[in-house]
């Protein structure tokens, strides 16, 4: 009953990139094919809250049943999502747990758990002491900042000998842009020569930071834990520039979004422990409007061959 | 009777006709392709809402263009206004909301202050130091955004008081209040540009600053007024963004700058200064809005949608070119014919 | 003697050089690591492809126009080349040699440049407007008909990956990693030399200055407007195509969005390097200095301890500062 | 018979419906000096641009050196040995003197690679021919107008040239330099090079040319050997009517009117020093001197464009500092700049805009908005007052001929109802008819009680339209007298500094 025929608008932060393309093609379209729904995607080519808002407004005005949205800047899209809800449109978000005007928000997992796991992996790799560099794709991204903050919290809590390199400052923003993140990473690696580990939550930026580490000859010195897609980072995982890739299939998350929307449409209330029928969401946690999955994949040189997305 | 129509026709700009035609054609095409959705009250309302922000920015850039300058800093001025106001509201708002009215008034004051200051900074570097506007505003764009970043550490300010939201979403009949205010402001700016001494001088300075200098017109003052007006309009856009999105952030609307540049060019306002009619701006804003919403409704791939500006521009340029060459060719042919006739007559005599 | 000193002091290249020296001193006081050889080499690498882009921008700027399309030309050429070759490589196992890859991208760039030339010389559009619209069109065409997804290291043409790993004059650093001059720096230097030669010592190069100085006068001397424009935009396009492929090789990923919104930064560098924004004057040396100057500023803020959220602010201040110094210098020069 | 260099047959040309040339025939032989005369807008420049391949012609054919062209490009024209010195010189201000001079040669001879040494040698030899010494490495933008002209001439003669065309070469340079130019032209003639030149200065025309060609409204009306041509008929053929210039007589001598404008010890660092004079209402004070004598700077100081560094200005006997244009305008001072195209006229804007630009602040209605009606009235009034060909007030200024454009600039200032009017070379490049009309206007203004300061090079103009004359040299006033008391030749000699008292005795 989680397969309903609906008209779905998928509104990513930006169109075209590997991540959101996977979400749409490997998730929304898959669901649409299974359920007989119609779907389209619409979004800016550059990450910009204003441009995304306009896509929301057009989708609302044109009339759709479901909006599946990955907000670029949650605070700034909320008002427009409110209008969608007033119109009776079902709104499901991803990585937008702070949103108010939604039916459900889908999170692949708990930010704190995810961050803690990343912190553990980093600590393990660096012998539980030294400095770490924490990047974020954009300071505006709740998820990125959430994970980064969770790492810091976990470090202060469990690993007193580990410190964040750019003390006192905020996380280093890499801009969700490969060229920019490459330059930023190079700069950061030089500025903090004592760094022993780093973390990157932006799938766009993960490979180019890996390249910067590799070129600086730090492949073995630095424990690099990152978020990304295995296909995009395969070479770096294999040569050890990326030590641990924390990954989940965006397509599966998108499918979970559609299924949650179907539940709303049929009037079924989702409860903790329900099964959405997608990997990672077989036993969901529901808190208020936030649906959290439970699993992600830890990809290393050993198991990278098993994944293809 | 006939002469008055003729005179009226003479005063209508060619660009106006072209843009009107373009807008009407696009409108009709949309109705044919997707009339049910396009004509929905909801959609029209949404379009009216949407054109306010880019419209305001286009108004800023249009002014700068007329003066043979450019103002790349407008969007960051708007965000700076939003951020400063956001911080002010966050810190000053009483828990019971008793001082909302005063604070909202203060928001306006802050907006005016920020817009004025930013405009003066731009004008100072352009006029007193003599740097090219594009360089100056590129610098101040970074500067203003940097200040907003420093104030917020890149985070969004949000959760503004309800009256502001109500204002942002209010309707006057079928028309959003903000759109109505925007149109009024636009009409006012048209009057300023086309009918006040300042507006005339602005266009003259844009077309030839040396001549205005030799005419005793104070170029420096015109430059100041222009960039201050631009800053103030941008500051208003900042308030609009606050009211519409219930938030403010240092990097909101980075795509607006290019959109505004293109809107002005489509309206025939040349970045090379002096030429173009400010009143055409609204037509260009509407044309772009119809196209952008239309493409969304038609579910045309978002990937190609970004190039609509380019396509519209090249289209309008092409129409311009063809009509121009046709006209010249026709006139030349007529002149030659006249010449030959005159020759024949002489021969007869 | 005195006038000579004055003349040299008023050259914009000298000024950029002076600013660079000042900045270097300031930065190395803030963090001695600034002058580390690795940092210098990295700076050169990071500057390599922007410098190539900047050469193209300079040519168009000298001819009297602001080019807004070069980044998209670069991306279009580099992306379509990488994509095509990646398909060939994955599907057919064909591995193209590096010069061919560069040549393909360069040719695509030149072709796109000729579209600009058409708009400017046939429709007589100001360069700024023409390139603003063509940039939009290139972007749409690329996304729709060529692709918009990333091409990742594993799919990239292997010769490009190899190129990105090529270091010259390598030595070992203290911890055993190879240190050297990146090959892309050599490409950039080559482009600079060629462009310098063309602009300084060939008739067609001088015709660019003529057109930028006075278009009507250039025509009266006998330069063909159409042909010169075609030359300008094809050369600038070709350079952008080359810059794009070098840039993409450097980071081993072809991401079609990467160069977005960088036009103005590069243009600012070119203008700071002394190219007159109204056309007719500019030199490659100045452009190189301008690019290095802006990159020193933007690439080393973290190094000297400026927090990331201050970087925009500092960059803005420095652009205004450099421009102010130049503005005052121009005033002095005009006063004679 | 020797081959003609140039033969035009039935050339016609129209610009967007305006026919500018109508079946023009013209033949030029080697070593001839041909002078092309005509009113402003009669089509002289257009004819020249057709010969040089800049404009295409609509009908007819051009034969150069025996080769017949139905379409001619600039390159072909240069290749045939035709060089043009344009009205605006068309030099590249952003390039060095040497490069400018060598440019034509390079393009024409397809020298694809540039060598500085070659440029300089070529430039040096070309400059040697003109007998002027210029710094080869200087940027042309730093040169004076006359020097720019030398560059243009050197550029033209530095290669195999058979015909040199000069479009109003003498407008920007003073008498001394004109003499030099004529010497160059005669030198060219001796080498068998033909020269065609355009000028509005009739004395010059008669002094140098072998043949005289007159164009009126795009139609060739005279083509005759100079010695056969009755000089007094020249004006008649150009304009179609006789023109009488009457002299100017200041009527106020007896009334002892107080000076309206009085200047004492005025100085501007680097431009002029210790200039004193006074002008009474109704007077026309002519200020003359060679280029660089500080004349233009003085004018600009009076208008507040470049405020003087010391000295005092009295208006109506009251000390009035003029520190900005605003001050000047407040005191009803108007200034007609030297170069109408770049300083006086907004070419791409309408007549109404141009007429109203100095007084726009006053043309408002009760709401403070510009009243379009008043702009139109103003334009129509000045169009009629200045006897311009009537056009709609929205017509672009660029659509008017040179003489009418100058009247637009005059009208712009007259609209501000000035009491003191500073005119800087108001009739440069203006044809005889318009010139006499402008003179009449100026005299008329004086008669209405304006104080007029007239900067001019044109001795004839000074004689005819001023009652006192002041000569500047190196920034100082070296001579002042009533116009009636000096002869034309004395004035001429004094300007170039060749006048010696004892010689007269």
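Things worth noting here:
Per-chain residue numbering starts at 1, and chain names A, B, C and D are given in the order in which the chains are listed.
Quick note on the criterion: a contact is a pair of C-beta atoms (placed from the backbone, for glycine too) under 8 Å apart; a residue touches a chain by one contact, two chains touch by 3 or more.
Treat the numbers as computed from the prediction; the structure is a model and nothing was measured.
For the criterion of most C-beta pairs in contact, the winning chain pair is B-C.
In this assembly, the chain whose C-alpha centre lies farthest from chain C is D. Taking each chain's centre as the average of its CA atoms, chain A and chain D sit 72 Å apart. Inter-chain centre distance (chain A to chain B, centres taken as mean C-alpha positions): 36 Å.
One simple way to say how far apart two chains are is to compare their mean CA positions; for chain B and chain C this gives 31 Å.
Remark: chain B and chain D have CA centroids separated by 42 Å (rounded to whole angstrom). Residues of chain A in contact with two or more other chains: 15-16, 45-46, 139, 170, 173. Along chain B, residues 153-154, 254, 303, 306 each make contact with two or more other chains. Multi-chain contact residues, meaning those touching two or more other chains, occur in chain C at positions 139, 143, 148, 261, 309.
Inter-chain contacts occur between A-B, A-C, B-C, B-D, C-D. Those residues of chain C lying in contact with chain D across their complex are 200-206, 209-210, 212-214, 216-224, 276, 279-281, 336. Of all residues in chain C, only 31, 33, 36, 38-39, 42, 46, 139, 143, 148-150, 152-154, 164, 173, 175-178, 247, 250-253, 255-261, 299-303, 305, 307-309 touch chain A in the complex they form.
Chain B contributes residues 37, 40, 42-43, 45-47, 49-50, 53, 153-158, 165, 168, 241, 244-247, 249, 251-256, 292-293, 296-297, 299, 302-303, 306 to its touches with chain A in the complex. Per the touch definition, chain A reaches chain B in the complex via residues 15-16, 40-46, 48-51, 53-55, 57-63, 73-80, 87, 138-140, 170, 173.
Those residues of chain B whose C-beta lies close enough to touch chain D in the complex are 10-11, 191, 195-197, 199-201, 203-204, 207-208, 210-218, 274-275, 327-328, 331-332, 334-336, 338-339, 342-343.
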